[in-house]
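Scroll down for the structure; my scribbles are underneath it.
To keep things simple, chains are lettered A, B, C and D as they appear, and every chain counts its residues starting from 1.
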Amino acid sequence: MNEITFQKDPITQATINSKIGTHLDGAIVTFIGRVRKNSRGREVLYLEYEIYEEMARKELQKIEKEAVDRWSLNTCIIIHRIGRVEISETSIFIAVSSPHRKESFLAAEFIIDEIKKSVPIWKKEFYNDGSEWISERS
Amino acid sequence: MNEITFQKDPITQATINSKIGTHLDGAIVTFIGRVRKNSRGREVLYLEYEIYEEMARKELQKIEKEAVDRWSLNTCIIIHRIGRVEISETSIFIAVSSPHRKESFLAAEFIIDEIKKSVPIWKKEFYNDGSEWISERS
Amino acid sequence: MKITIKTFAHFKDICGFQEKELTVSDNITISDILREITRLHPEMHKHATSVLCAINQEYKDLNYRLNDGDKLALFPPVSGG
Amino acid sequence: MKITIKTFAHFKDICGFQEKELTVSDNITISDILREITRLHPEMHKHATSVLCAINQEYKDLNYRLNDGDKLALFPPVSGG
């Protein structure tokens, strides 16, 4: 099953696990991105994610399709938080499954790498003394 | 936290999640190995894992130590089922966490690759018409 | 012709709008529009080399010539994940 | 001197024991013991090139000379994970 979700509420894994993998799959790889307290030497209080949702969905669908086709995944679930996210909360959850493990590892890493390149979502960090938009490549 | 567990009971992720990752960690990668219904063209009914437990623990500790040292992991949890395991159940669960994602991906893949090479655990597949010990490299 | 411009993240702060309808001349390029925006909001200047552009939710380069009804989005490098 | 031999997986089926105490001559190597086991259990012959050996839970090669009290484990390539 393939699924793309943007959600304001915390990501809880319990609801997800039952959807992942078929009896054909010997491997499931998950990637969880979490909000760190420390960023570029500054203490972060919390984050906010802004999203261009219609475009983000299209870009994610392209990434998902490429990964599913290339590595014959049986599951590809991608969940991204939007809005305010607290320290140590999950900002992104990716789960993929495939008959053998090599494919799942390659796919999970490909998906998060591509998301960080092209999906229109922006992170704003909030500190004790202000806030800042983060632009990874600027 | 580092943890190595061999267990007869099914692996349920719910109890594990709370232990994974610190507020320093931006990345958690998990690998789940599952029992497939189909193996080498035969339909498998269930598996049994035999273990040389004292040695398996030592070998796993070496693998864990190498991964933790090499990629500065903050979490490294490895759980392997022993005894009878049903189709679609988790045979192995690995979870690692680190500040950045590259390290967690490399570590998780390293750990499962090494386990398959050196940890003294053997799989016996049961079919409708008999059973067979599986030796990956024989 | 009529187009819509959307901005995100700090570009929204700099330009002071999130979405705006604009009447522009035919054959205008993204580059032309960006030049005009930078004239009105000089702080955009330092982002000139990193700005990303999309038309109707698809990435385009600066030479793209807009059509009537196009939705142009201007935004900084992404930082999700 | 006295040693213990342990076997696992199909080696256990072939040899017919899981753990056995043995009195052996000084300076004996793993290779010597394996030759004797193969003589008693000819089916072990086809596993001669893939057998793995451990002494006291550490992998060793066939040239290893055993000491009194050593625990020798003989097993096929592993298949966990």
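Throughout what follows, a residue touches a chain if its C-beta (ideal position, glycine included) is under 8 Å from a C-beta of that chain, and two chains touch if they have at least 3 such contacts.
Everything numeric here is computed off the predicted structure, so don't read it as measured data.
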Subunit B and subunit D share contacts with none
Touching subunit A and subunit C alike are none
Per the C-alpha means, the centres of subunit B and subunit C lie apart by a whole-Å value of 49
Cα centre of subunit A to Cα centre of subunit B, whole Å, reads 24
Taking each chain's centre as the mean of its CA atoms, subunit C sits from subunit D at a distance in Å of 73
By the touch definition above, subunit D meets two or more other chains at residues none
Residues in subunit A with touches to at least two other chains are numbered 33, 112
Listed by label, touching pairs are A-B, A-C, B-D
Within their complex, subunit C touches subunit A through residues 6, 8-10, 13, 47, 50, 52, 54, 57-59, 73, 75-81
In their shared complex, subunit D is touched by residues of subunit B numbered 33, 49-52, 54-56, 58, 80, 91-92, 112, 115-124, 133-138
The residues of subunit B that touch subunit A in their complex are 13-14, 17, 21, 23-38, 87-88, 99, 101, 104-105, 108-109, 112
